[in-house]
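Scrolling down, you'll hit the structures one after another.
Each of the two complexes below includes chain A, the first together with chain B, the second together with chain C.
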Partner chain A sequence: MKALSVRFMDAVRAEFYSYIRFYKNNRAFLFAAFIWPYLMMMLLLGLGYLFGDPRMYAERLGVRSPVLFVVSASTVAMSSVFIIDEVAGYTLYNRWNGTLPYLILVPMPLSKRLLSASIPSVLLSPAISVISALPVAVYIEGLRGFMLVTSLYASIILGMLPLAGLSVIVAGLVLTTKEESNVASSLAPFMLLVSGVFYPVTILPKILQEVSVVVPVRYVVDIAKSLASTTAAGQLYVAIYALTLMAFAYNLFTVPLLSRVEARVRMYGFE
Partner chain B sequence: MGLSEKAYKLKAILYLHALRTWRYKYSFINSSINTMLWVTIFLLGAILFAKPEDLPRIAPVMFWGVSAWNTVSYTVLFIAGWTTWFLVTTGLVEEHFLHNTSLSTLLSGRLVSVVFESIIAIALVYFVLSSVVGGMDIADNPLFIAYGLMCMIAMALGYGLILSATGLRLSIPGTLLDISNFVVFIVGGIATPVEMLPRPLRLVAIVIPYSHAAEVLRYGAVRIEPYLGLGLEVALSGILGAGMLTAGLLYYKYVEDRYVRIHGVKGIGRM
Partner chain C sequence: MSSSSAIIARGLVKRYVTYERRGFLRRVKKTIEALRGVDLETRWGEVFGLLGPNGAGKTTTVKILSTLLLPDKGWARVAGYDVVSEYIEVRKHIGVVLSVERGFFWKLTGRENLRYFAMLRGLRGVELEKRVEEVLRLVSLTELGAADKLYEEYSLGMKARLALARALVHDPPILILDEPTLGLDPPSARRIRELIVRLAREEGKAVLVTTHNMYEAELICDRVAIIAKGRIIAKGSPEELKSLVAKEVPVIVRFTSRSTIVEASSLEAKLRRELGVEKFSLSVDKEGRNVLRVLARPGEEEETIARIVGLLSGIGYRVRSIEIAKPSLEDVFIALTSGEEK
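Our next item is the complex of A and B:
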C-alpha cells in the first residue's frame, strides 16, 4: 500500500503545473485577472467622484492618497476572492468535468490533496493582483508606492495562510452538498464586508465589528491602511501577530474536519 | 417545427429552469446574498465620499442604479457565463443539439432564475441602504420603472446571447464578460443620471443602449427628467431592447448553424 502513496510535494508540483497551464491556455482569463483590481477601483472611485468628493473620503479614512488606498484595498479584496473561489471551486470544476472520481481515488488523504491544490493559489493569485497594482502605485507615489505594494504582497501571503485552511474546508463541504455551484461563495464578500475593505470597520453594526475580529482579511486590510496612512502605523504589529495566530488556528481544524468529509464521501458518494 | 411544438419546448424550458432554481435552492439563495454583499461593500465605500446632508437625495438614485446594474449583469452572467462554465463543461451543448433544441431558447429560459434572483437581491439592497440612510422613497410611477427594467432585461438578454455565441467559438470565460459590466455601470448612465456625468462621458452614455432605459426607470423612481426627453427615451428604450434581442437570437442561430454544428464548441482548457 505504501508503494502506491503519492508524495505531498509531487501533488504540489502537479498543482503548480496545472495552475500555470490553466492561465497559459486561457489568456483572456489571465488578462481579466490582471485588470480586476482596476475594475473594482474604477467602480468605487467612479461612484465616489459622481456622488461626492475624494478629499472627504481620504480625510475620513486618514489616508494620503485615496486612489492608492483603493488600489491596495482592491488588491487585498481580489486576492481573498481568488483564493476562496479557486480552492473551493476546485472540487466543483473537477466534478463538472467528470475528473473528481480520479482525484478522490488518488492514494492520498483528501486533506493533503486539497491543501496541495491551495498552495499555488496562495502564492500566485496575490502575485497576479500585486503585479497589476504596481504601475498605478509607482505612478502615484514613485518608490514609496513600489515599496507599499510589495510589502502588501508579504502581508497578503500571511493573510492567505489562514484563508487557505478555511477554503480547503469549504472545498470539502462542497463535495457533500448536491448543488450546482459553490454554495459558500458569499463567504468571500462577507469577509470583505466585515473587514472594512473600503471603509472603517467602525461604521458597521456592533455585531459585525465583533465578527470581524476573527476574520483574517480584516488584519490584511488593517496592514494596507497602516501602510497608506498619514499617521503612525501602530496597528501593524497587532495585525501581523493576529494573522500568525490565525494561520495556526484555522489550519488546525482542517485535517480532522476533512477526514470526516472524506469518510462521508467514500460512504455515500457525490453527485 | 410547428407552433405547438415550439410552445411545447418553451413550456418545457420554463419548467426546467423553474425546477432547477428550486432544486438548487441553496446555490440560488447564496447567489442573491452574494450580490447584496458585494453591492453593500461598494455602497458603504461610496457613501464616505458624500456629504451626510446629501445622502437622502442621492440614496434612491444609488439604489436604482445598483438594482438596474444587478439585473443587467446577472442576466448577462447567468446566460453567457453559464454557457461557458456549465453547459460546455458538462457536455450539455451536444445533448440539446441531438434533441433539435436551440441553445438560445434554452438560455433565454434562464430569465426565470434572473427574475427570482433580482427580486430577492433588490429587496435586500433596499433593506441595507434604507437602514443606512434612514428610510427612502423609491417609486413615483411603477409603470415607468417596470418598463425601464423590462427594456434593460431585453437588451441584456440580447447582449448575453451574443457573448454566449461568441464564447462557443472562443472559450471566453464568464469573468471577462464582467469587465464590460463594470464599465457600463459607470459610463453607461446606469449608476447616475446622464446629466450628472462629465460632458464627454454623456456622449458615450448616449451610445450605450442601457442608458435610455435607465433614464426612463429613474423618471419613474424619483422624477428625474430624462436627458433626451421622456417621449424619445421611452421610444429609444423599446426600439433598442427589441433590436438587441432580435440581433442576439439571429447571431446565435448563425453561430450554431455555421460553426458549432460543423466544428463543435470550445471549452475552457486546462492541459
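Our next item is the complex of A and C:
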C-alpha cells in the first residue's frame, strides 16, 4: 500500500498510449484521418479556382505554386482542426464518455493534466496530415515538395503549441459550463476564417484582421506561403517569432487560469 | 495513516443552486440542500455502508470524500489528509468507482484501458504490466476471456469488474465505491461483493460503499449509516440497527394488479389515510409482483394483515402471498425514514 506520485511525463506517456491504441484498434478512423486533408485540398482548390484561373489565385495568395500552397495550407488547416477538436474537445468528450471524473481524480493539478493530454495531439495530428500530403507534394514538386512538407511539419508543431495552449483554456472553460454545448466546435471554423487559409487576411473586415494577429494558425499559414514562394523570407521570420512568443504566452496563461477553473469546478461540480 | 480511522467526516453541508425555468425568460433560483451536516467514520479493514434512497445524498458524500466536490461547511479527512487543502494527497490514497456502466474508452480493450489508467497513476514498466495482470485476474476478467476484448463488447457485469480493477490498479489503501453492484446480475453482484469483503478482511483496506440494496449492505458491511434527505439518521452495525426495530413485526404482502401498473402514490395515500399505516415500503420483486412491506406492532399482525388485504382487494388488487418475516435492515430503513417520507 504505497502512494505513488504521478509525474507530468507519466500522464504524457499515458495519453500517447491511448492515442496510438485508439488508431490501432480503429483502422477505418485512421484511414479517414489520411483522407481528410485531401478533401480539404479539394475544397481549397475549388475555392481558389472559383473566381479565376490558377495564375490569378496564385497572385491573390502571393505564392509561386498554388497547388503546392494548397497542399501546405490544407495540411495546416487539418492539423488545426484535429488539434482544436482533440484538445478543446477533450473535457467534453470525456464528460460524455463518463471518463472525466477518473481523469480529474489523477493526483495532479488540472492545468498539468490538460496540458499533458494535449501533447500527443500536437505531435501526432500534424504527423498524420503531413504523411497524408507527402505523396502529392512529391508528385508535383519532387524533392522540393518533400522538403517543403517536412519543413512544414516543424512549423506546424511550432504553430500548434500556442494553439494547444488556447485549446487547453477552452477545455478548462468547458468544464465550468453545465450545458452540453460544444464550445470547441465553433472554435475551429473561426480560427480557419481568420487564418488566411481560404483567402488573404487583408480582405477580411478590419476587426477580424486585428483578431487574426493573436490567432496562431494565421502565422503557420504565413509560413506555408513563404515556403511555397521564393521571395517572402522576411514574412517567414516574423511568423516564427510571433509563434514562439505566443507558444510561451498561451501556455503560461493556462496554469493560473486553470487553477481558478479547477477551484470553481470543485465548488459547483463538473457534471 | 496511523489513525484508526481511514475516513472521517464532520458536519458536511452541501447546497446546490439550480434555476427553474418559469415561462420563456423568467428563471427562479432554487437551492437544494444535498447534505445537512453529515458525520461519518470508516475504519481500516472494515466495509462501511452508506445506505439511502435515491437523492438522499450518498453520491454527494462520495464526491466530497473523493475530492471531486468541495463541501460548503464541515470538514473531512481521508487517509489523514484534508479533502479540501490536501486533495492531491487524498487522490493518491483512494480508488474510486462512481458508475459501473460507463467510464472507459469504448475503442480500447479492457487491458488497454487499465494500462492507460495505471500509467496515469504513476505505474511504469514491469511493475505496470504485473499489476495490470494481477488485477485483471483478481476481478476474473482474464478467467472470462474478456481482458483483451474491446470495452464496447463488455456486458454490464464485465464493466463492473473492470471499474473495480481500475480502482485497485494502484493498490490504494482506501476504496470509495458508489453503488458498485447497481444493475448487475446476481452472479456478478455476488463476485463483486466477495471481492469487496476480501479486500477489507485480507488486505486491511478501508472500504466505503454506498447502496440502496439493504440485503447487500447486511451481507457485506461491518457498519452502516443510513442517510435520508442529507442527514445521517442512524449508524452502527447491522445487528445494532436491527435491534432498533426488534419491537416491530415485518409483514410482507405480495400482490398483483390487472394492469400490472400500481399507482404507488395513491396506494401510499390510502394506506396512510384509511389504515393509519405509517411504516411501510412499496417495491417490485423479480417476478414483477408488487411487494408491500409493513411494520406492524407485536400482537397486531393479524389485524394489520386483514385490513391490508381488505384494502387491496377493495381497489382491485389480487393478493398472492403474505409472510411474517424477521427484521432486516430494510425494516430499520422503513422505520427510520417513514417520518421523512411524508
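In this text, the second predicted complex is superposed on the first by the 255 of 271 C-alpha atoms of A that agree within 3 Å, B and C clash if a C-alpha of one lies under 4 Å from a C-alpha of the other, contacts with A are read in each partner's own complex, and residues count from 1 in each chain.
One rule holds in what follows: a residue touches a chain if its C-beta (ideal position, glycine included) is under 8 Å from a C-beta of that chain, and two chains touch if they have at least 3 such contacts.
Here the structure is a predicted model, which is why all the values come from computation and not from measurement.
By the document's definition of touching, neither partner reaches A:207: not chain B, not chain C. Within the superposed three-chain model, A:21 lies in touch with chain B and with chain C [touch as defined at top].
In the superposition on chain A, A:5 contacts chain C only, with no contact to chain B. In the superposed model, A:143 makes contact with neither chain B nor chain C. Legend: residue contacts after superposition of the two complexes on their common chain; A:13 is shown touching chain C, with no touch to chain B.
More residues of chain A lie in contact with B than with the other chain of the pair chain B and chain C.
Once the two complexes are overlaid on the shared chain, A:104 sits against chain C while remaining clear of chain B.
Once the two complexes are overlaid on chain A, the chain A residues touched by chain B in the first and by chain C in the second are 18, 21-22, 25-26, 97. Considering their complex, residues 1-7, 10-11, 13-14, 17-18, 21-22, 25-26, 97-99, 101-109, 266-270 of chain A touch chain C. Those residues of chain C that touch chain A in the shared complex are 16, 63, 66-70, 87-89, 91-94, 96, 98-99, 101-109, 112, 115-117, 119-124, 150, 166, 170-173, 203-205.
On chain A, the positions that touch chain B within their shared complex are 18, 21-22, 25-26, 28-29, 31-33, 35-36, 39, 42-44, 46-54, 56-57, 60-61, 70, 93, 96-97, 177, 179-186, 189-190, 192-193, 197-199, 203. Listed in rising order, the residues of chain B touching chain A in the complex are 20, 24, 26-27, 30-31, 33-34, 37-38, 40-42, 44-51, 54, 58, 62, 85-86, 89-90, 170-173, 175-176, 178-179, 182-183, 185-187, 191-192, 196-197, 268-271.
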